[in-house]
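One chain, chain A, links the two complexes that follow: it is found with chain B in the first and with chain C in the second.
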Partner chain A sequence: MIRRLLVKELTELRRDGRVLGSLAILLLLALGAGFSAWQQARVQHAAWHAASDGEHERWLGQEAKHPHSAAHYGVYAFRPPGPLAAFDPGLEPYLPVTVWMEAHRQNEALYRPAADTGAAGRFAALTPAAIFGALLPLLVLLLAAPLISGERERGTLRQLLAQGVPPQRIVVGKGLALAVLLVALLLPPWLLVCAVLLIGGADGDVLLRWTLLAVMGVLFLGGVALLCLLVSACCRQTRTALLLLLGIWATGTLLAPRVVMEWAEIRHPTPSALEFRQAIDAGLADGRLRDERIEARAESLLRQHGVDDLADLPVNFDAVRLQEGEEHGNRVFDAVFGRLHDGYLAQERWLQGAGWVAPFLAFTALSSGLAGSDLLHYRHFVDSAEAHRRMIQRAMNDAIYSQPETDGERFMAAPELWATIPPFEYQPLAIGDVMRFYGVGWAALLAWFVIPLLALLRVSRRLAP
Partner chain B sequence: MTEAALELIGLRKRFGDHEALTGLDLKVPGGTCYALLGPNGAGKTTTLNILLGFIAADAGTARVDGVDVLAEPARARTRIAYIPEQVQLYPRLSGFENLEYFHGLGSREDTAARRLRDCLRQAGLDEAAWDRRVAGYSKGMRQKVGIAIALARRAPVMLLDEPTSGLDPQAAWELNNSLRSLAEQGVTMLMATHDLFRAREVASRIGILVNGRLQQEIDPAEVAGPELEARYLQEVQRVLGVQA
Partner chain C sequence: MKAPRFSRAVFLGEWRLLWRDPAAWVVLGVLTAALLGALWQGLAREQAVASSLAELAQADADRMEAAADLAQWLADTEGGISRFRDPRSADVVGRRLGVQHLALPPTALSALAVGQSDLYPAWHPVSLESRDRLQAEGELTHPRQLAVGRFDLSFVVVFVAPLLLLGLLASVPARERETGMLPWVVVQGGGLGSWLLGRVLLRWLLVLLPTLLCGVLAVLLQAMALAAAGDGQTVVRGLLWAAQVTGYLAFWAALALWVGTLPLDGARSALALAFAWLLFVVLIPAVTQVVLDLAHPQPSRMAYVDAMRDATDLARAEGSEALVRYLEDHPELAGDAVDADDFFAQRLLVQERVEAELAPLSAAFEAQRAARARQAAWLRLTSPALLTMDGLADAAGTGEPRHRHFMAQVHGFHSEWRAFFAPRVLSGERFLDHDRVPGFGYEQEPLRLLMPRSSWLLTATAGFTVLFGWLALRRWRSLPKVLGHV
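Right after this comes the complex of A and B.
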């Protein structure tokens, strides 16, 4: 019976020119967005590779110099595009891509790709994720709204029920037809991306992310389809169902994101650029702890080596001063950058939490999270770059420490020292950490799937003609 | 007279302040056609809806082929074929595909396409139209597909709601022939209608339903057309107290 329902629904959909037209338009959009995303990802990856490789070459190419001069010479860390940013660029265009890593200071990241956008920047970006999250539900809505209400309006539901067809089966048949259509529409592109990833040598992490995106997409779109069927089952007229669903779609997709993000900024404010810099300057200016620690280290070293003057030490005390200065800065940076990033992540959590109200918000949060184009990954990059900067400073200061100045001559390190510093290789956040962070978003999407499903089962038992 | 295939005893149904059925008693013997005449709002469609299990009666008993509709609506439906006032079909499917679909969903066994085509033939649908999409069908053609669906069901009881409404005389005549043929095959029919002429032609018993209660039963063989109309109008006027 279910098979018969399924075949009939699919036959009708196939013969409905409007459905085929909508699918063709959506397919065209998806192809355009997919190609554009792939092209952008290719360019970004190439640029990132070229910049990263060149940067390490530049570091290695330094002539012999004092290690602290090398520390000031510095290097840039470049943020690679998220593993699946081609699917969902998320915040990618608005997040800085590079950090200048130098002595004494954790610099703010620089250069947002969006700043390079030309005239096209005025148009909303058409990304695969936007098509999936915003436009595909619209298509599902248009397809699903008349599925049951249309039968009721036409009078065919009355005839079906009079034939003794169990109402639950009618609803299941409709749901399955919709599911088959969506799977037929989405499975080929999903497999195609899988093939591209495998051929491109993507690692297990990326494939796992892509699989989780598919699971998330099934939950999201399944929830949307179930909600549409539920509304369709409850409405006497297709027009009513359509209006209601369009209202839900517009509220959840167009209005809710803006309201929620405005609210998030009110609830979890982040400091302005001026406040941020003032906080760093104030923190750095208060060097009492640093001075106390330098004094203590000096006393300890003098005692240890049995000398009265720092100049008589067999080690270079300037390195101690430099490293203590670094440690002092690190404490300040950890606190001020930490506050800033905690604020950003609180906003991300707020966004996924708002998924309880509108599933599109949970989808948006999870999609960019799995694509690696969210604030969580950005923070991870910034933290990784900072850890690398600190490693360089320590290595340079250690080199200075072992070379006390003699006869006023400054120690000049050979280029071999630069080679001891590995290039900055950013390892994306582990998928387990991503899943933990987005637990609420997953729960919200699951609820948006299960609740309409249960409600639909309940309504379908009493489906009236 | 054979045992009643359709039996309603003291059936009551209220919608808010309006009492649609006020204790309807009705028996339709097996293999006969019973026409239920009545003005709008008399309770004809409510009666059919209760028999189909779409709404529950507030009181009384309804049995279809011995099955209590109120206790076992799903089982009762398996005994019923239903032809609505306007047969609604899927416009993008052909007449045959519609028949195959409706019958396939309502039946437990696979029915051979040949038998389904026989049903379409028996219902009087032009063979050239069988595989054409229903979107281009006239109302009469749709009604014939509805009859074919009912025929294919091979149910012992058939409920018809204004089956000739909107049909041209030729189509209505063909429908009458089909119904007579069904009665000869032993199918029990309850037909709610306003069409006194067709009711007299097809039915073996006519009931006049006014204000949710059966007011009078008539044997059509005993009355001429004008007399049936006069008795009907008289009854309606008597109960409602207005010019019907």
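Right after this comes the complex of A and C.
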């Protein structure tokens, strides 16, 4: 019975020119968006490789100099695009691409690509993820809205029920037809990307992310389809179902993200750049703890080496001062940058939480998270760069420490010292951490799948003709 | 059938019907809530910006005053201080103590549209630091906030208001035909055309008037808060904003009028309007972005930084020679205090060399950006939503052109700053000219630059309105047949 219903539904969908037309338009858009996103990711990867390699070569190519001069020369860390940014560039255009790692200071990251794209880039972005998250649900609602309400309007639902067809089977048949269409539409490109990733030598992490994206897509799109069927089953007229679903779509996709983010900012305000920089300056200016620690180290070293003057120490005490200065700065940067990023992530959690009300919000947060183009990955990049900066400073200060300048001559480190510093290689966040952060988003999507399913099963038992 | 004429009787009859229509009240309620929410957000945001700018200006003035006092005290007492913190050093003052934050002041209309102001900072610190640093620093905004856009009046106008208007017009006149009301309309006199025009016009006004009213309220409140009403541009900018809103909603009304003349039933008519909204507000802008990305890929900042580092290394390696060469050209600046190893002078010269090395790269980068911007300007012609979004931001003073105009002034002032400090840094003389340091005065973008831009955007939007109005008029003759009256 269900098989026959399924065949009938698929035949009707196939014969509907509007369905084929919509699919063709969507396919064209997806091709254009996919090609554009892939090209951008390719160009960004190439630029990232060239800049990162160039930076390490410059670091290694430094002449003999004092290690602190090298620390001031510093290194630029460049942020690679997320592992699946070609599918979902997420926040990539709005995240700075580089950070300068130098002595004494954790600098703010620089250069958001969006600042160079002009106003046109702010309006809308057509990416594969946007097509999947915003346009495909629109197609689903256009297809699903008349599925049951249309039968009711035409009077064929009454005929089917009169023939003794159980109402649940009618609903299941229509749901399956929709599912078959979506699987036929989405499975080939998903497998194609899998093949591209495998041929391109993608690691297990990337493949796992791509698989999880598929799972999330099934939950999201399945939830949307079930909701549409539910509305269709409850409405007497197709027009009512369509307008209701279009209203839900427009509210959830266009209005909700802006309103939620405004609200999130009210709850977790972002400091102004002035407040942020003043907090750093005030923290750095208060060096009491640093001075106490330097004094304690001086006393300890003098005692340890049995001398009365720092100049008589067999080590270079300047290095202690420099390193304590770094430690002092690190405490300030951890606190101030930590507050900023914690506030940002709290806003991201709001977005996920709002997924309970509008599933698109959970989708958009999760999709960028799995693609590695979200704020969580950005913070991980910033933290990794900062850890690298601190490692360089410690290595340079250690080199100074072992070279007391007793004869008044300044210590010049040989280029071999620069080679002890490895290149900055950013490793994306482990997938486990990503899943932990986005737990609420997953739960919201699951709820948006299960609740409409249960409601539809309940409604289908008493389907009114 | 004759072209429709405005009929007062029809208009008043429609007004009475609209008054009793619950859908109209729902639309009015939703629109008012959205407008007031956006207004409140806009005003709060602008207040925060204004307070930040005031704090920055005060901090600059306090820092400079403290530096001048300390310099005087050191001069009087001949006290000692590290040369890197000495307020009598031109480099220390020009680079750190005297740094000035140049502000792009909000206009009385900035609360109406965020535009690009959340991406481009409203202020830039100018010092002896390299010009490149001017573009690097910015305001802190959550990247997701930037990505999804702000909930401002522009968003309400461009996205929400057309949806509400189309919601009201979705089944006009199909509903009347389906409910058998059309014969009653005809016997009342005035003709179908006048009736349809009155119906559309009234609903257009229902959405337009609250929007304009909210705009006026926003300008009044913002002007009171900023005391910016007297800058001479508020009225013109306000009129341009109102014209953009009116033109944009007129386009949607014309489109609805045209769809109303098509032989469609209520559901199809509503779907056609929903699809038109999706096409002009979502799809076309998104597709133009893809076209732009493919035709004019955005220049890479990573490549820029890479080249900048190479240029810096080159200039730094030649730094000492550069100073000697410069002093050969400018012997009058070679005071007793200068030697070839002077750190400040060398740093300044290295910086100038880096900028000279980077100039072609910067020019190429800007050329690529400009080509993209030109293409984007043409592509705006594909959708009234794109035209209006830009037009609203431009009128409010939060668009890209006003920021570019401001940046040109920032660069000009940076050159002035450097011209003032560089000879003093190179001569190595003690700096006591704290009260002669250049000051910045922002010059408003002249209206003669704004007007042609806005007029062009308005004309293009009007072109769309005329097109659909003309299409509707062409179908006017067959209207009775379409509506099933004959």
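A few notes on this one:
Just so we're on the same page, the second predicted complex is superposed on the first by the 460 of 465 C-alpha atoms of A that agree within 3 Å, B and C clash if a C-alpha of one lies under 4 Å from a C-alpha of the other, contacts with A are read in each partner's own complex, and residues count from 1 in each chain.
By our rule, a contact is a pair of C-beta atoms (placed from the backbone, for glycine too) under 8 Å apart; a residue touches a chain by one contact, two chains touch by 3 or more.
Small disclaimer: the values here were computed from a predicted structure and weren't measured.
Look at A:166: by the touch rule set out above, it reaches chain B but stays clear of chain C. When the shared chain is aligned, chain B comes close enough to touch A:12, but chain C does not. Legend: residue contacts after superposition of the two complexes on their common chain; A:285 is shown touching neither chain B nor chain C. In the superposition on chain A, no contact is made by A:199 with either chain B or chain C. Between chain B and chain C, C contacts the larger number of chain A residues. In the superposed model, A:111 lies in contact with chain C only, and not with chain B. Once the two complexes are overlaid on the shared chain, A:351 sits against chain C while remaining clear of chain B. Judged by the touch definition given at the top, the superposed model places A:243 against chain C, while chain B stays out of reach.
Within the complex formed with chain B, the chain A residues making contact are 1, 4-5, 8, 11-12, 15-16, 154-156, 158-166, 169, 464-465.
Those residues of chain B lying in contact with chain A across their complex are 52, 54, 74, 77-78, 80, 82, 84, 86-90, 92-93, 97, 101-106, 133, 146, 149, 153, 159. Those residues of chain A that touch chain C in the shared complex are 29, 32-33, 35-36, 39-40, 43-44, 47-48, 50-51, 54-55, 58, 76, 78, 90-91, 93-95, 97-98, 108, 110-126, 130, 134, 138, 237-239, 242-243, 246, 250, 254-255, 257-259, 261-262, 264-265, 270-274, 276, 340, 344, 347-348, 351, 375, 378.
Across the interface of their complex, chain A is touched by residues 37, 41, 48, 52, 55-56, 59, 115-116, 119-121, 135-151, 155, 159-160, 163, 170, 266-267, 270-271, 274, 278, 282-283, 285-290, 292-294, 297-306, 309-310, 313, 365, 369, 372-373, 376, 379-380, 385-386, 389-390, 393, 399-400 of chain C.
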